[in-house]
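In what follows, structures are represented as structure tokens.
After this come two complexes, each holding chain A, first together with chain B and then together with chain C.
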Partner chain A sequence: METKTKTRWSEHNKEIADDHFFYLRSCIRQNFNPAAEKIFLSILQKNLGKDIYDDPRHTTCTGIGYHADIVPFETLQTVIARQFSLMAEKGYKNCAVSCITSFGCYNEVLATWKQFPDEMAKAGENLRKATGREFEMPENLSHSCDIIYKFRKEIARQARYRLVHRETGEPLKIVDHIGCHYAKIFPEKSVGGSEYSRVLTGMIEAWGGESVDYPERRHCCGFGFRHYLIKNNRSYSISNSRKKFVSMEPYRPDAILTNCPGCNMFMDRWQYTLAQIEGKTYGGGTNGIPVLSHEELAGLVLGYDPWKDLGLQMHQVDVEPLLQKIGIVYDPAQKFAGVNGKYINEPLFTGCFNPHN
Partner chain B sequence: MHSKLNSLLKSDVRLEEGLTACMNCGICTAICPAAEYFEYDPRSIAVTVQSGNEEEIATLLESDTIWYCGQCMSCKTRCPRNNCPGLIISVLRKVSQETGAFVQSRMGRQQYLIVKNIGMNILNYGYCVHPTILMPENHPEQGPVWKWVYENMGEVYASVGANLNGDGPGAMRKISGADLGELHRIFKESGGLKFYETIEHFSKIKALELGFVNENGEADMEKYTQHLLQEI
Partner chain C sequence: MNRFLPDVLIHTTEMMKNKHVAVIGGGIAGMEAASVLARQGLKVTLVEKQKATGGKLNDWHHLFPDFSSPGVVVENLDKKTVRAGVNVVCHTEISHIERNNGRFELSDQRDVKIFADAVIVASGFHVFDATLKEEYGYGLFSNVITSVDFERRMKKHGKLLTLQGTEPRRVAIIHCVGSRDAKVGNIYCSKVCCITGIKQAIEINKMLPECEVFCFYMDLRLYGSKFDSLYLEAQKRHKIQFIRGRLSEAAERPDKSLQLKAEDTLQGRPLRMNVDLVILLVGMEPALSNSSLMRNNQMKPDENGFFRSVNMHEARNVGTQEGIFMAGTAICPMAVNETLENARSAALEVMNFLRTDKNHGGF
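Moving on to the complex of A and B:
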């Protein structure tokens, strides 16, 4: 029995490169949680002593345009070939991808090139004609959550904080939400596959928390690409997120952990919007349930500053209740401070409800 | 029976990847978030495309149906035959736009809005999304914190270590002219620009048909855009 289980689990263990990464940023993460990408680089370089290259020349992979059906597959393939060309030029072979949509797109293109070599030849020709560039296939393609997962135990060793309630000593209850394109398209390219994803629960447990399963754990956040992009269609997006909040509510989670930049933003913003519509939250009192990405949570346990290092003031749902449960030392006065530490001004309100109403 | 649409669909390798042999079991529909929300059934789409019935395919291409899918790809995971209705949808949407069928449905017509928004962001900024165009009045769901970020953009991004519109690496850095130039040429060479133009071309015809005409007798795309934004 044990051997069988081990064999099955090994099928779901992907290979994650150990060092020397070429970083591919995410449009959405850079817009909404730019510090998460900065802290990912810091964790790799400063805490883990790894080499990761941040090349200013790479662009969007066009993934959102592709899944909203305005960017042809051939164009997506050629833009991706260019990213690989930049990587080869700098002497790197391992991609570290920030975005889940991009991660799905890179894997889709690589799978297509394997099955249909003519498509790869066409992308190569398009790239050559357009830019004079040649490209090479990466040896390893990992999402940034794969890399944090791989080094989760080292992060735990260096951690200043544990995901444990400082007063009760109980592990904090954390639910995860895995971006659909991380594991649903190519389950073998993820840690744990699409049904029993381990990539985020592995981190939660390694850092002392309790990972809580909930019935709609695998349900989509509802981005739906064209559904969120068009204002009139956004009810699709919010309805899907609501389904998830309803499902996680009885477990009273202390936080939601995500690996996808889009999901991270939606899970945060839709809690606010739903509260405005329905007059209620699905946990966390009037604030809602704090939502963090894998980079942000790793940064917190390692003791990085929630504001200037992690940029958590850019979340609508306040993270302070979580910080207080963990016992993280932070300066509330610095939350809305600018570059020189001087107060900017602040949002009309944070969390899900306006306390002045 | 004509085979034009079938051959257009089959010329896309993604159809081969997405549809091998559908057994009409409906598991994809059971898992599909769009099927829960809309009158939508990915199973019947897989079956229709598999049947090769040109008339039914033509009807699909002109319908709202193909635009309901949210591209989550949950169907890929669960299909016992390893099909991917979400990928079949991508191919149908491509052919619908290439042939102009998309302007016959309300949801299809919205493609014009997406080209004008995401499509232009990609070419102008090198990003799908850019904070300078995420105006709070168009995004009430983004809440007061985003409004604060938007109104204090330079200071907020700098305070968290981003490099908004700056040279060199970092989050939201400016994509240089040279890199944007390469991106443009890739779009030109690989058919991306032509695809944008095709969407605009058929949208202009539709605008004229709906009576959105300016004083020069040309399609008034401003009014057409307003119409699409209101259309429900």
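Moving on to the complex of A and C:
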């Protein structure tokens, strides 16, 4: 298929719905960083006054299974048709997708149905046979980072903190990592295309930080589905993550910002693994580079509590150095206190090295 | 009256003297076509939007394949147009061509009007905007330049330096930037880039013998006579390395050098290398003025946006509007020597048209 662009992708803006979203959660993020999804709902509802519906009946999109060749494409289409059916039943037309893998899958299925209407008819038939349901196509499909990007200036207006070093007054240096399935499959479904996506840099700049380019900016985080899922391939996964850390190290970034649950997880946890393998970190010192998602960063600048609201204690690399640079007031004693003050247990150590060794 | 010519030819020659031809575009195609027509006794007005004629060749340092001076070509063409009595009008950009009562009315935005019995469009080409290939970093990274920038730098300074003022030790030349690339909407070959890359690689080697030069290509399209020998010379004498593979991305390193990722498709493996300078061989696109020149007449674009000929084999210079002809890269990408030949061919078509045009006293 020939596409004639003749436009700079960095100037490309997709259409992002303004209100009335149907939320489609990420299966892995609910396990890795569950508060990131919760805070997205809070920001939309409480800070931005938007209507977003979180339907407990919706399921995984099966994207990871699909990309690992476990789930057939027909199944993926039928499951996605069911999500659309739930959305239509509740009277919503705008999808807000939490996960980049899901976002890629939804776009792939929609593009398939557009080009091959027979596939859509078959998915409808499968859905009818399995559940008795009918579905409707969404009017708008946006990733949660698109929505945060759209309202980044409003968030900046409400922000309690800016991404500025409290002592030096310098903007914090933040490197971004865009999940591959956000823009590399369908650049036109992104903000700013696949080479220099604006979606995260737009947030960084709107909130006072400095976006730092680095050579391996577009390289895979190392997740890569079967590269991680098959245990024997995990060294391949780590070596890809390492490439990124080596590339960003000279710029001495204060944080890594991602828009993908998998990227967030891997860039965070592999820093610990690499520290154990190599005896060093890439952030200078012993801690590594804190990794945040767009919802978590938005939550931080809006003044949400890093532990109780944002669940940043779930991260491997300690975020405290970043909090201190921004000047965020937090209580270290509350890190593992839990929402209701109930002690949630804590790991033997956090960060990249065991201080007891 | 010439007593040696038969009556019918004397009549024709006299008739032709009253004909007026307008040539749009004062590049080498327009200059050549105008001077040929004027030498045949026609009144010719050559209209150029810039302050001087010569077009893009004014910026060029050396021509392929013989490293000759483009300045000499332009100078000779200038002399020919003056000698032939061509009326040259600069600082005027024609945006409107309309046929009224059998004559053409050409106008610009400032109400300049030129009336003509026939028109040659020699609007040339537009250089591909390399910023559209964001993955190559032009406009983002200071040490990514285009082949046009290279020529300008060489012409102005006579040397090639990085932005940091150092002599590059490694240079990568990237072929097919904006050509044969569906992603940017140009599926055609710009034809002259391969040989331009080879010429520029040799120039770099002559200037900086210690500098390694790598050409990343899809395939080398060396159609012209002497092009292949230059390619062999580049490999044998100048040690230019040719890598079959398109660049995937260029990224800037902290020291402002560039990290390249590509696939070496002959070796069948991915490749990563650092270079000090990247030169993008930018292709030719239809001139930006083409759409306005087609608006009020029957001229049509071809599938690539250049001017469509009524017949690409037998009447390549003849436009889809009777009385309007094309010359040079307004038709398709071509080299300097082809452009000049093509311009002469356009002039001949105009002569034939005016001789036979019943509306204008032809016979």
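By definition in this document, the second predicted complex is superposed on the first by the 338 of 357 C-alpha atoms of A that agree within 3 Å, B and C clash if a C-alpha of one lies under 4 Å from a C-alpha of the other, contacts with A are read in each partner's own complex, and residues count from 1 in each chain.
Assume a residue touches a chain if its C-beta (ideal position, glycine included) is under 8 Å from a C-beta of that chain, and two chains touch if they have at least 3 such contacts.
Just so it is clear, the model here is predicted, and its values are computed rather than measured.
In the superposition on chain A, contact of A:P72 is made with chain B only, not with chain C. Of the two partner chains placed by the overlay, only chain C lies in contact with A:Y251; chain B stays clear of it. Set against each other, chain B and chain C differ in how many residues of chain A they touch, and the higher count belongs to B. Of the two partner chains, chain C is the only one that A:Y196 touches; chain B does not reach it.
Looking at the shared chain after the overlay, A:P215 reaches chain C, while chain B stays out of its contact range.
Residue contacts after overlaying the shared chain place A:N140 against neither chain B nor chain C.
Within chain A, the residues touched by chain B in the first complex and by chain C in the second are 195, 218.
Every residue of chain C that touches chain A in the complex is listed here, in rising order: 131-132, 134-135, 140, 182-185, 187, 249, 251-254, 259.
Within the complex formed with chain B, the chain A residues making contact are 25, 27-31, 34-35, 37-38, 54-60, 62-65, 67-75, 77-79, 82, 104, 111-112, 115-116, 119, 123, 126-127, 129-131, 133, 180-181, 183-185, 187, 194-195, 218-220, 222-227, 229-234, 236, 238-240, 269-270, 272-273, 307-311, 313-316, 336-339, 344-350.
Here chain A touches chain C in the complex through residues 2-10, 193, 195-196, 213-218, 250-251, going by the rule given at the top. On the side of chain B, the complex with chain A involves touching residues 12-14, 16-17, 33-34, 37-38, 67, 70-74, 76-77, 84, 90, 93-94, 97, 107, 110-111, 113-115, 117-119, 122, 126-131, 134, 138, 140-149, 152, 155-162, 167-173, 175-176, 178-180, 182-183, 185-192, 195-196, 199, 229, 231-232.
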